[in-house]
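Paired with chain B in one complex and with chain C in the other, chain A is shared by the two complexes that follow.
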Partner chain A sequence: MDWKGCSRMTKTINFDESTLFTNFVVYLFAFIIAIGTGAIIIFAIMKINPFSAISLIFSFGLFNAFGLKATFQYMIPLALISLGLALCYKAKYFNIGADGQLIFGTIFSMQVIFSLEKTTHSPLAIPLILLSGMVGGAFYSLIPATLKAKFNISEILTTLMLNFVAIYFMTWLVDINGPWKDPTAAELESYPIPSYYYLENPAILLSIVIIAIIIVYLIDTRTILGFQIKVVGSSQKAAEYSGINRTKVYILLSIISGALAGLAGSINLLTTSHILSSDYDSVYLGYLSIFTTWLAALNPLFVIMSSLLMGVMISGGYFMASISGVSQLFVYVFEGLMFISLITFKELSGTLRRLLKYG
Partner chain B sequence: MQQKIAVGLYNISKRFPTVIALDNVTIEAYVGEVHAILGENGAGKTTLMNILFGLLKPDAGYIKLYDEKVDIRSPKEAMKLGIGMVHQHFSLIPTLTVYENFKIFSSKVRVDEKKIIELAERLNLKIDPNEKVSNLSVGERQRLEVLRLLYFDFKILIFDEPTSVLTPIETANLLEEIRTIAQEGRTIFFISHKLNEVKRVSDRISVLKKGKLVTTDINERMSTEYLIKCMIDKVPILQQKSKDSNSSNVILEISNLKVRSTKGHICVNLKPPFDKIKIHENEIVGLAGVAGSGQKELFDAIAGLTKVLEGKILFKGNDITSCSVLERIRLGIGYIPEDRIYTGVAPELSLYENFMLKTLNNDKSFKKSVFLDKKKLIEIAEKLVKEYDIKAANVFVPIKTLSGGNIQKVIVAREISMKPSLLLAYEPTKGLDVGATYYIRNKLIEYSKEHGIFVFSEDLEELMSISDRLYVIHNGTIVKEFTRENFDEYKIGAAMVGLERV
Partner chain C sequence: MVSSVLDFFLEIIKIGIGYTTVFLLASLGDIYAEKSGIPNLSLEGVMGMGAFLGFYFALIFQNSYMGLLGGILAGAVMGVALSYLVIDLAINQVLAGLSMWLVGMGLSDFLYTLSFSHYPYLVTAPKLPTYFVSSNLIVSVLLNHTLVDYAAFLSVPLLWFFLFKTKYGLMIIAVGEDPKAADAVGTNVRMVRYATLIFSSTMGGIAGSLIALTVGLYQVGMIAGRGWISIGIANFSGFNPAYGLLASLLFGVISALGPSFMVIGYKIPYEFLNMTPFLALIIAVMIVAKKAIFPASHGQPYKRE
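Take a look at the complex of A and B:
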């Protein structure tokens, strides 16, 4: 009876032994192929020893105090955004607008910080700032969700376009005559946030992520909403037939994923950037999260690992670029290659298994 | 009279990774005969024919054509040898005309419009070679497919479940045609699990069971009962309905219903004298109609999946015309839908999750505070799997890995387990083998003792065997109503194609 209970445990997280193994093999292959391809490119074009370049990425990103801090700063928002996206993609709701939602979370938080400054400083201020970020992200994410639910307009197009709207709106805020432009700064930047709002305690940040993982995991596996998300993702017709309210599912999904992206923006503001800038270097966190979400196989429990890997690659990539002379852009090439080889190998592994099975 | 053997399949065996599909099967077919291959789904009929047609390679055994050993390695070679196959799914290209469809079939033989017309007339088929195939009915396409094989002079024809998409009248025509063309010196393999058709059309019958040949004999020498016994281990008995359907409780009353299809035309339009459909508690009401007569839209309208243009649907006396799907499920309307794979189940989800697809919205006892009571859901699923004899490794496998018959059983099990007052059953046994078909029919009859069932089926025999009453739908309008006492296959069939109005 024991083994039965055990297999049930693994099944309930939708990961039986064989798929776990194949997934592992697939990822390993993808990773090796990506590194191999990357290595060849470095070697062929840049005439640099590829293995030392790659080992630099990981040694700095993981084993250097500064590098680890930077890794962490990327990992936290990536993990938060990926959690929301994992739910969206389970419903085949292809939200690629996390960047826009993140920016609106940041803007809302900034607005709250500016209004708080006029009153006295309170210990409740930081939770309030984070909450406002979540509201901002959710608000911005509701726009495409409503269009999708009511008029069946492709969320891929709307979320993509709304990213640009958000980016240019933010740029306008800090533009030369923008309302938030800091006149003393040389760059196009907002006034910085006061230092007592800085949130740099890694324990707090990590707890926020872990709480978010637990909540999303429970929604996914233990609630009716999680079940309905999977039904909508599997077949819209089956959802309609079984009386599931698609509108409600899309709205709830967009609130959850938007709030998480907004929270990521808010945390990024308090921990890393401290200002709003037209050259906002977290702008592509949303796009990178699409990758980390797929890398985690849409499983909320694996998001932390895929985000860690991505975080290492970004922070280690900057370091490698400065030390070895390989362009930092190489890291982006590397990520792209890895993503492509990952999805290719996932397809190939299906074919491979079929071949082994039926000869 | 010594008959000449046209096709000889000798000691054919074929093994698939998990199953022995064919085990030492030997079948000989004569020139000029219709040779039926009968068997349940999964008995190996299609595998055997795929081997003859060159789609599969046998692990052992050999094939002889007209006493000459042949090696058929691809459909192309099979066709070169004069073997033609009429598939379940047609191979005609709908956007091309009849003539063009003939022309693309072979580059060697000249295609002549006159010859097509002549050949068609010989088979009582009126056809315009310049008509687009998409404008033809399903039955006409089927016959056109046969016509094309005749035109190119194929001597050996394989019909793989050819009647599954045809109306009774089209079926009768096709069977007639098969007899005619066999008598002209061709050899016909007729693959089916429908006993009555096999009895009607064939000279000799071979029965396969689990990959083994059970018997081959002349049609007249084998009774229906004997054939069923050969096909399956346990002879199914259809429960007899106890005849006391004079309950007065009307569960469902539909009046003057009008529904517009997705393409925009009116596809359901109830008008006098049959402007009302009534279903009582404890009866099975059948609905007969040819494909596309509006039956699907009628069922969808009752289930709430399609908007109603005009008219009223009363359920237990309450107007539910504007209720949502969920409200109707809660009120007690169950629905076995036409499309199983994408509508009836969520294909990627597991077996047990598909059992809870609808119950979840309905029953608060599956919840522990805000969370789902998974243990209970799994227990219920395991119980239903056992009760309905659903073949699956466990309840956690994705439902799309199950066979069509087992998926259908899951849907039927789920709908009945919810105990709806009204069960809408659209082709509840389509594609099921004899054993499962009888099982589900019995379940429906048993369920109808206390609840109402509205069933649509293309299989008239099924409708007549389980229904207490029967409506015939033609062009979206109910044209006739029959009670059990005056069921008549030909009268019903005539009404289905609109020949006999009121």
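Take a look at the complex of A and C:
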């Protein structure tokens, strides 16, 4: 299909054309409602002042040196995963298997690190490790995409099933008799990675994210694939009539999103965890990034802000958990509540827009 | 050797029936919801809430049947919330289901750690009692189960009959196939969908409370994907309660393999055994994929003009 055909089709297909202002109002409402509900829950169950709790979370996550570091550590993988998911959800390809893809990215990186250790240390090692993480994630993400394309199986089920498979596989690797178990460690952990592979320079990490954002943004707005994604997402029939190969779109989407999730896992390994552990702290990053993706309105440019908010909530939540004995699982409740109020307001934004227009 | 093989099979039956009941209850509910045109993707979260509230009720009333009531309550509340989102507000059913899943999963674990993590010992609630204790090992393995297990198996013919042979069941199917036509002949589409969705979440709540009440305790991340497996079983059964029973039995046995191997002390890493239900489910859904028949209005909201 040539570009003229594309532009003609754009006019006939009704894309979501909500303006920036209504979007902003919708998100503001969703945020206030979620904060309000969350505050009531905090107050009702935990018997602490909700305003001081929320201000504590934000002041720790943003204005404390330790807190900011933790926020940053969560923000980078969340942003990378959300970028891939944003493209997937635009095509209504509901990939919720980012956790499994992240884990396989980590496992592939770990394998490369263990085999590199025997050879000499070279400056190309870190890019190679990151690349292997991307390959691992993409490989794991291709399975549900192939099943969807060949057998039309719901990707929601398969990606979720594969998450559990990945978690069990990782647990086996570091289990008592597992191949990577560090015999000297008390916990179920792998051997630590050598310290010269640590990647702790925030400038490098941030530039990786920014490059990823630019690439995804260009794919989204400037390529045929980005257009095809929107057509497939808006109507299966339109995709069929315009001769778009849905199989190809799903496969490419899964490669992109899986590679980004795998990259997130491998970055997480090099920056934060340094080991593979059965008690893997970031297992639920994939679930959290479902939410950050929708919070960013599926726009690659907003992903960094929604991930920052989520990062603050996670690190502030851990801090609050440590000082007040409140469980950090509160973050997941809060995220779910916010998700519900967000999609509800998004759906009601038509009504809201009319109200804003006519007073 | 013979005794260990026998032990192994008895163990599979004993553990497998527990798993089967959970899968059966949850998937029967989902079959009804999907027949009326709405997939209940929140099932995993609903089961989590059912497990927590079931455990909590059983603990404070010191009665495991009150625990079941807690499961029913949790399921019904979650079902009403989900129905309101997808039926009245007509929100994308996948998104609404996923968001309810995240809320249920987070809230149940959060409430548990909040209320019980500061206890120095493991808090246990009364277990569901079994009544048919027998000195004969085989009889006791076959019959010694909770009343819920019996009720779940007996509900299959009833639910099958209700769905395919009664007026109300046909109303559900009609709504799932063509809500517009069903509405035209006077069926209250909104009510039917509300009813099936609340029913399915309630069944999920019971299934969840059963997970907690058979062992008498709650653990963080206790559901471990069983809600999603139940949704897969509903798909695998072609939305027929009778096949749902067969599929639940199959997956009950597959899920029981891991614990049974552990009991007889066979050396297979338990992680691989725990993986098998998830891999088997993908294969099962793959087998039926070519002839899977979804209701025509599956996944689409219906609004009266």
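Everything that follows uses one rule, which is that the second predicted complex is superposed on the first by the 329 of 359 C-alpha atoms of A that agree within 3 Å, B and C clash if a C-alpha of one lies under 4 Å from a C-alpha of the other, contacts with A are read in each partner's own complex, and residues count from 1 in each chain.
Please note the rule applied: a residue touches a chain if its C-beta (ideal position, glycine included) is under 8 Å from a C-beta of that chain, and two chains touch if they have at least 3 such contacts.
The structure presented is a predicted model; accordingly, all values stated were derived computationally and were not measured.
Asks: Based on the superposed arrangement, let me know which partner A:N245 touches: chain B (first), chain C (second), both, or neither?
Replies: First partner only.
Asks: With the two complexes superposed on chain A, say which partner A:L199 touches: chain B (first), chain C (second), both, or neither.
Replies: So A:L199 meets neither chain B nor chain C here.
Asks: For A:M305, decide between first (touching chain B), second (touching chain C), both and neither.
Replies: Once the two structures are laid over each other on A, A:M305 reaches no partner at all.
Asks: Between chain B (first) and chain C (second), which, if any, makes contact with A:L128: first, second, both or neither?
Replies: neither
Asks: Comparing chain B against chain C, which has contacts with more of the residues in chain A?
Replies: C
Asks: Touching A:L62, do we find chain B (first), chain C (second), both, or neither?
Replies: In the superposition, A:L62 contacts neither chain B nor chain C.
Asks: With both complexes superposed on chain A, which partner does A:I224 reach: first (chain B), second (chain C), both or neither?
Replies: Only chain B is touched by A:I224; chain C is not.
Asks: Residue by residue on chain A, keep only those touching chain B in one complex and chain C in the other, then list them.
Replies: Shared contact residues on chain A: none.
Asks: Touching chain A in the complex: which residues of chain C?
Replies: 41, 85, 89-92, 94-96, 98-100, 102-107, 109-111, 113-114, 117-118, 220, 224-225, 228-229, 231-232, 235, 269, 271-272, 274-275, 278-279, 281-282, 285-286, 289-290
Asks: Can you list the chain A residues touching chain C in their complex?
Replies: Touching chain C: residues 45-46, 94, 96, 147, 151-154, 156-158, 160-162, 164-165, 168-169, 171-172, 175, 177-178, 287, 290-291, 294, 325-327, 329-337, 339-340, 343-344, 347-348 of chain A.
Asks: In the complex of these two chains, what residues of chain A are touching chain B?
Replies: Listed in rising order, the residues are 8, 11-12, 16, 218, 222-224, 227, 230-231, 233-235, 237-245, 357-359.
Asks: Please name which positions on chain B make contact with chain A in the complex.
Replies: Per the stated touch rule, the residues are 16-17, 303, 305, 324-329, 335, 337, 339, 342-350, 353, 356-358, 360-361, 367, 370-372, 374, 378, 396.
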